[in-house]
Structure formats: C-alpha cells, structure tokens
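Each chain carries a letter (A, B, C and D) given by its place in the written order, and its residues are counted from 1.
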Amino acid sequence: MFALAQLPTMLGTRATARAIIAITLAAVFWEIGSRFGDWTGARLPFIGVVPPPSRVLLVWYNLIGDYGYWQSWYLSFLRVLGGFGAAMVLGIPFGMALALNRTFYQTAFPTFEVLRPIPPLAWVPAAILFWPTQELSIAFITFLGAFYTIVINVVGGARSIDARYIQSANAMGASRWTVFRRVVLPSTLPSIIVGASVGMGVTWEVVVAAEMISGGGSSMGSGTGGGTGGGLGFFIWNSYTGGSYEQIIVGMISIGIAGYISSSAIRALGDRIAPWLKPR
Amino acid sequence: MVEATITRAGTMNEKSASGELEVRDVSKFYGTDRYPKTVVDNCSFIVKRSKLTVMIGPSGSGKSTIVRLLASFEQPSTGVVLLDGKKVTKPDRDRLVVFQESALYPWMTTYENVVFGPKAQGRQGEPLAEAARGVIDRVGLSQFQKSYPNQLSGGMQRRAELARALINNPAIMILDEPFRGLDAMTKGLMQEYYAQLFENSQSTHLFVTTDIDEAIFLADRLLIMSNFPLRLRQVIDVDLPRPRRLADVVTSDAANQLKMTALSILHEEALKSFAVGNQMADHFIESYKQRYRPDASD
Amino acid sequence: MQTTLDQTKARALRGTIRIESAVKVYGNPQNGVVAVDHCSLECPPGEISMVVGPSGCGKTTLLNAIAGFHSLTSGAIYLDDEMLCGPGKPKADPGSDRIVVFQNGALFPWKTNIENVIFGPVMQGKLAVKEAKDKARTMMAEAGLSGIENDYPGQISSGVRRRVEIVRALMNDPKVLLLDEPYRALDSLTKSVMHESLLETCYRNRITVFFITHDLEEAIFLGDQVVIMTSRPCRTKKLLKIDLPHPRDYSIVTSRRFRELMDETMDAVHEEAMKAFELGEREG
Amino acid sequence: MASDAEMGAMDRHRAQGPSAAPDASTSFGGYRMQIETALYHFKNWLRSPRPYLMVLGFILLIGFWWLSVEVWKLPRFAGMPGPTAVVREWLSREPMFGLSFYTPDYYVHILTSLQRVFIAFVLSTVIGIPLGLVIGWSRTAREYIFPVLEMLRPIPALAWVPLAILMFKSSEGPVIFLTFLPAFFATTLNSMLGVHSIDESYFRAADCLGASRWQVFRHIVVPGALPFVFTGLEISIGLAWFSLVAGEMIAGEYGLGYVIYTSYTMVSYPTIVIGMITLGVVGYVSSSIIRSVGVFLMGWRTRELGLGGQ
C-alpha cells in the first residue's frame, strides 16, 4: 500500500515541475512582451500596454502596508459573504420547498425559470432604483447571482434522491419530519455544496462588476490611493481611472486570490459537514 | 395493529417475530388505460411462517415489482396482499426490504444506519444501543460501527444492511437479490453466512434471486416464476437438512435432483428472454417510472 | 465432439500463450505491492483456459500484460513463438491478434452496433467500409444477432451487448480472445445462456481463449483447463484439465463428472476466497 | 413459439407506447407516429394541473408587480416602472422613451448584442473545444497548459474590464473580449473533463482493435467527450450573456446592456424592464438552440437513457 500511495506523489512532482516551468515561461513572455516597446520602440499589440510582472510585483509590494488596499479586501469579502449568505439562507429552503411540494413546484418553478435567463447584472439599474442605499443594491445583485445557482442545485439534488432511501425509511416507521431531516437533507447536501461553490464563483463575479458599475460610476473614492469606499472591484476601476495600470493587475490578482480562498473554504467546509463523501 | 407493534417492540431481544404473508390473485398493470401493460399476472402464493421462501425467475421478469407490492411501495392493480390474514396497504416495519444494491444511507455510519429505524419509532437510550451492538456483532461488523458505507467492502455493506433490517424485527424479511453484483466467491461466503443467520432466527423470509444454486442452497420452498409478465410456474419444496453448508449441498444428490428439475423450467424461461431485445421489460418499467414519477420534470 | 474438432483443426494450432515467471510489482520494485509473483502458465492453442481467483488477486494484471495495457516487472509472455513482452521489452504492444472483452463491456455507445463491429478492420485499413459491413452482417447473422445492426448499444440488453462485442473481436480474426469477467454483471440465468452461446462461437472459430472469472461453475463449464490462482500475490495454485465432452450444454452441470470436478476444486478456491475476504475485512 | 407472439406484441407496444418515441421512427417508420405521440403527450399535459399552475405562477408574479407598483403604490415600489407602463411603452408606435417593437433602434440593439455574443461564442468554441480535448487527452499538454489556465481562471471576467479597455483600442474589442473570456474557460474546462469522463476501457478496446493515435482521437475522444462539451457550451453561452451585459454597461455603445444602463441614467425607467425581458428571451432562445443541437448530435445518448419521448 505504501508504494502505491507513493505513486501519485512521484507523478505529482513531475506535474508540479511542469507547472512551475509553464508558469515561469508565461511570466517571462509577459515581461518580454510588455517591455518590448521600451527596448525597441515598437510596442506590441495587446500585451504592449500591460505593465510587466516585475513592476506589478513592485507596486504590490508597496501596497502591502496600504490601509486602503486591505480595506478593499475587507469590503469585498463583506459583500460576498452578505450576498452569498442571504442566497444560502433563502435559496436552500426555497429549493427544498420546490423539490418536495409538487403543487408549489408546478406553480413557482416555471416563473423561476422565466426569470433565470435575465443576467443578474441586468438588474443593476432596477436595484439601484429600488433599494435606498447603494450598499443594499450591490447586496441584492450579489444575492441574485448566487441564488439561482443554489436553488437549481438544491432542486436537482433533492429530486434525484434514490427512491429506495425514502421507501426504506418509510418502512422503518420514520415520520415525515425524520425522513426530511435524516434522509432528504443529507442526501441533498452534496448538491448543496456543489451549488455553493459554483455560487461563490458567481458571487465574486457579480460583486466585482457591481462595484465597478455602481461605485465606479459615482465620484467617491480617492484617486490612485486605492478605493476607500468600494472594495476590490472599485480598487481596479479607480486604478484605471487614476492611470495606475500596475494596480489594475494587482487588483485582478487579488480578486483571483480572494475567489480562490473562498471556494477552497467552501470545499473544506463541505468535507467537514459531509465526511461520508470522502473515499476510504 | 398497534397492539402487535407494541408486543414486537417489547420482545426485541428474543427471537424475531414471524408472520405469514399471503398473496392472493395479485396483478399489476402499468401504463395508461390506452396502453396498459401487465407486469404481474394473477399471482397467488403464500410465504409460510418461519420458512425461507425463495422466488426465482429470469431478470426483468417483474420480480422487483412484486417486491414493491409486498412492501406496499406500490399498490396492486387487482388482488390483495395479506399479512397474518390482514390486508396490507402502507409500508411498515413489519415488512422490510433488503435491496438489490445497498440502500444504506451513505451519510450515516454503520451504527447510525442500524439505529435509524428504532430511533424513528421513538426508541432510544442504553437498551437500544445494546440491541444495536448486539445485532452489529451478530453480522460480525463490531469493528466497523463507525465506518461509513463507502468505507466497507461489498460483502460488509450487505451485512450492515441485513443488520439494519434485523434490528427492526420484521415479521417478514424481503430480500431482493441482495447478493447480486458481488463476485462469485464473496457471494458464496455471504450465502453461508445468511443461511446461518436465518437458521438462528427462524423468522419468515422471502428471498428473490436469479441464481439457481443460491436458491436451492437457501430455500425451504422454491417459487419458480415465469418470464415477463410474472406468473407462478411451480412451487417446489426443498427439504434438505439444516444447518446447511455450501459444499454439502453442491455434492448432495437430492440437491442435484432439485437443480435439474428447476433448471429445466428456468432454462426455457431464460431462453425466452435471451431473444434479442429482452431489455424490453426493464426498459418499459424504467421509462414508465421516469414518466409517471411524481413531479416528473418536463 | 470429434467432428467439431476435425472441422476446425486446420486453424487450431496457433495462438499458444506462454507466460514465464511473470512478476508485476506496483510502485517501487524493492518494497512495492507484488501483484503477480512468478506466475507461469501455458494456454494451449484453440482451447479455453479459465483463470479463477478472488477479486483483486492480480488476474487482471496478467491479462493487461498480455493485452499490452500494462508492463511486467520481470518475466516474459510469448504468443506462439513471438515474444510479446520480456527482458528488454517490458510492455507488449496492443494489437488486433489479442482482443480483450471487458468486464463492463466496451462497445462504443456513440456508434451503432454494426459500426462497432466493423471498427477494427476499417481502422486498420484492411477492409473498406462496404466490405466490412457485408462481412459484419454475415457474422452477426451467424451469431444470431440480425436485426440490431443499426441500433445503438444502449438500446440492447447487456447480454446481447456482450455477444456483439465478441463478434467485434472475431471480425479481426484474432489469435487469442482475452475475456475479463465479461459476464459478471449479468444475472446467473442469462449467464447460463451466454455460456452456451460462447461455447458455440468457440467451436466455430476455434481460437485460444483466456478467460478470467471467479465463478467456479462457469470455469468448469466453459474450460478446457482451469487454473486456480492464489490471492495476492497472484500465483498458480492448481491446474486442472477438464475432461468433460464437447459440445457441452447446460444439462452437463448436473452430471456426476461435473460435480466431481467441482468437488475437487472447491476447497482450493474456497480457501483463497476466505483469504481474500479476510484481507478485505482488514483493509476496510 | 408463444414467446415470439409475445415479443411482437411488446414490440408494437413499445413503438406506440408513451415510453419510446425515438424507436417509433426507426422501427415503425414515420413522422405520423411521432406526431401522434406528441399529440398524446400534449393532451395528457393539458389534462394534468401543470399548465394551469404554471399560468397561476406567472399571474401571481405579474399581479404582485402590478399591485405593489401601480395600485397600492407601496413605498420604494412606487418609483419603479409598473407592468402596464412597460407593456404600453413596448407596444407603442411612438414610445415615450424611444424604444418599442416599432422602433428600428430596438432591433439594432438586439442585433448588436447578438453579434457580440455570437463572435465571442464562436471564438471560444473554436479555440476552447480543441484546446480542452487536447489537454484532456495528452498528459504532457495538460501538465504544461492547465496550470496557466488555472492561474487565470479564478480572476472574474469582469475584473478584466479596465485591462480589456486598455488592450483593445476599438470599442467592440473590449466587450467581445470580456464576453469571450468566461465562455472560453467554461468550454475548455468541460471539454477536458469530457475526455476524462471517457471510460479507460474504450481507449483500450480501440488499441486492441488497431486504431492509430489519430483514429483514437477522432473516434473515441471526440464523440466520447461530446456530452460534456455540450454541457460546457450551454454554460458558456449563459456566461457570455452574463458578462456581455456588464461589458456593455461599462464599455459599450450599443446593445441591450447599454440600453438598460443608459435608460437608468436617462430616467426612462420602462425601457429598463424592456431591456431586461428582451435579454432574458434572447438568452433563453440561444441556449435552447445549443441544447437542441446537442440532442441532435448525440442521438445515441438520448436513446441509451430511454428518455427520448420526454
């Protein structure tokens, strides 16, 4: 068993080496591509306007002590958690109700399906109109993005439960509540986790856009120093309007990292609350 | 009914309860009035008290349907199912099914799976824990109480499922091809194991299978079924001595005689379904279920 | 029996598989898991060799080595006089002279049955599509499979699928057919009919068959020789020549000789099964 | 043999029955049968409560909208465009705010958005499918290319907005790039997963049967990955619309996202709703088209699942 367990690690090291090679190469090309114009005077298309990674790293390094930068992280996380949390709290019961009650399903699901193709960002103006504060409208749009995904996954999961699970629970004399609590809920859990991790991705996407559209359109914020009012999306937009192109990239990478952290957290949480999914 | 439940629950630690199940003129049609399809055709038989009755027939012949009818997961189109003379209509723990492939709850450990039934009926505390440990010990899984089903081997899963059914002390145990999909060797071991369990409990069992050797090894009575739609072809009493061992039965002349008789009937049935397209029966039922499942989506 | 053999004798003398002290170690050669340990075995041409052993014992490793899916750590495998793999060439090349029929079936679900059957010769450029189809139709008709040519594998029952898969293999005129528990997923009644159909096919084509199973009854019913393997690591424990007369049909399983053979082998198999069972328990 | 008669009966039943519409076309020939089956299903549907409950659902939604905005004039709702205002505007020959069924501008916006999505989608498909298949199939390619993709993937497409504006000087470029990006990732990833989902034994069988490496790609990898590829395409077109809206809001000059946003700034509120609904419809239609193409190309799969009649 010992040697078999080693096998993936051995392959893993080769794969890791290749990954490092590939990423390094990509970084080198990027560096050369963006500096090419400085060296020859002939600026390359597309890549030519992108600041080189070395400069990005430098700017990033200088930002590490910057309060505004971390403030943006904090605000974005807050919005994501708020919208995502609301989507979970409302989406799971709604999805369960859709899956378990036939009449409700037949009434509400078509309507839900009709609304679903409207992209969440198309709600931006309506949300700004409706909600009293900008913060609430961002929260609403964020919520919307995750809500659809979570509901769809909950419905799909709860409707595809192996009938035998419910049959045998019934036969053993379980009440309706027990069947729901001990059978339906846990067997839907894997789909809820999948829905949550996809929903988390959508949430970040929406938060960034909402911050850019609503924050970026307004006049709040403080030029190049990173957004004080607006989160990472706003940080990027601000850097753009302020002409600090390196900061745009820093912002993008930060959002990438933040998104990655959130989805890893969901995965870790999923492993905790659904330990039976782990193979032996 | 209520009375019976109470007494059974009270006598938990003694020998299992046993009932007698009668199937009287039961038929089952699927499809609509416009396209009716008979899956079970006018079946009558008795699952005798404290006996192990084995139902054998080709796959796709509708045996699983009759299992669902006996457990009241579905209702017969005509005819009645009687337990100790009373008509049954609802799933209840007096008739528990051990399914073809494991239906253990994957999110519960072996122990949690076993105590699910009693807990659902409101039993708890140390007596229950003790009973559960006893049953788990009887199926030899003491060391695996805390394992999740996907951490158990195929054979162990089947035993955990037996334990889950046993603790409820069903009047009738219904086993729907429980060892299908196990490899032939594990299967042999499981059969001996199960025979022992039955011999120790002497409750009423109905065992559904397609395997002739398995059937003869286990059975007190053998119900041979015909191909789709399901009909009763023949009842054979198997009076091999108990306790049985696999090796003894394989070499016994009496068992061999029975096997020849049963095979001649079954082989004919199997040949019928061997013709190209024998998936039809399964296919039909499957697509029916897809279509008329409550809440079937568009 | 004799007539059947005579008719096909002309083709019979090819397709000997010789396995010489094959060793397969997974992972590190020094302290890895030994799946196959100095296993030697000869499958005579035109005969059915049944390899019996508990699951996970390494039989499939052996089959994979013959087919060329996996390498051997040491030892050699010969097909007739050609070395498939051995010193200096750890992994055999997969080829159409040795065709595998898989445990769960490997008919391509996106191709119709006849497209599946013609796959081999057409891919190798041996036959044009039209000729291949003609040949396929004839072969399928011989095997009692007319009328499903244009269905997809998903539309026919799993038993029929295995028969189509065997026809697909035979289209390539292979020397050896390697079957990896092909009937495991079938119920035992269907299985019995499948066995008769396989035997008939083998009488007709007279090819060497290397058949992995853990079902002893299946092994004795089908086999010309039965090889019982030990559980992990895989070694030959017992080799038994089956002297039941050909052609066989299913009534033979209740014959005296059949039961004697069962009796003779049962203990050996049972012992290994117990070993594997306990091994599984410990790991779980 | 009695069984033959039985089989025959069953076969016929299968062909006519509610269960097996696709078989009807192969064995019993004819669209007539299919139409009959479809009609039968339709009648069944009308007899069930489903259509009526569905309509009830729509009525409830629109009713709530109407009551809260136009009748009760609830706080916060009162400022929103109500359903009658939207419908009146949409059907008007001389719309108050400039967009209705009768104005050519409406169609220009739809066409612009469609064109952008189309270009982005085609690009992402043409690049994404081959790339995904190759990195799924070849381990070496995967080990080199996949990490780079994985580095880029967590960055939301919309975080690219400023960079896209900088990189593409034209006005169309950034929007198309933003639309392309998430669609490309979805297509590539799903194509890769599609190859991984193919059972090892199919590759082995093809090896046994003497297929060359290219033939394996053509006959095993491509059809085997198709179900996942189409799932990917459906996701991809959804994402394309999703980020198109944002792109148009921030950087566009025409298109539905632009309509929605400018209507907001220009206080022509009913037009916002017109834009939203149009977006929903167009988005829905485009993913339905993808789905139908998928079902058409994967006939073997529908049949296998026995879901054809549904």
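One rule holds in what follows: a residue touches a chain if its C-beta (ideal position, glycine included) is under 8 Å from a C-beta of that chain, and two chains touch if they have at least 3 such contacts.
Predicted, not measured: the structure shown is a model, and the values here were computed from it.
Of all chains present, the one whose mean CA position sits nearest the global mean of protein CA atoms is D.
Ranked by the number of C-beta pairs in contact, the top chain pair here is A-D. The geometric centre of chain A is 47 Å away from that of chain B, both derived from CA atoms. Rounded to a whole number, the gap between the C-alpha centres of chain B and chain C is 33 angstrom.
Here the CA centre of chain A is 50 Å from the CA centre of chain C.
Centroids built from CA atoms put chain D at 45 Å from chain B.
Multi-chain contact residues of chain B (touching two or more other chains): 151, 277.
The set of chain C residues that touch two or more partner chains comprises 155, 284. Looking at the complex, you find that chain B touches chain C at residues 58-59, 144, 147, 151-153, 155-156, 177, 180-181, 183-186, 188-189, 210-214, 247, 250-251, 256, 259-260, 263, 266-267, 269-271, 273-274, 276-279, 282. Every residue of chain A that touches chain B in the complex is listed here, in rising order: 99, 102, 105, 159, 162, 164-165, 167-175, 178, 182-183, 186-187, 189, 274-277, 279-280. On the chain B side of its complex with chain A, the touching residues are 71, 73, 91-93, 95-97, 99, 103, 105-108, 116-117, 120-121, 148-151, 168, 294-295, 297. Chain C makes touch with chain D in their complex at residues 67-69, 94-96, 98-100, 102-106, 108-112, 119-120, 123-124, 150-155, 168-169, 172. Every residue of chain D that touches chain A in the complex is listed here, in rising order: 49-50, 53-54, 56-58, 60-61, 76-77, 79-80, 140, 143-148, 151-152, 154-163, 165-168, 182, 238, 241-246, 249-250, 256-257, 260-261, 263-264, 269, 272-273, 275-277, 279-281, 283-284, 287.
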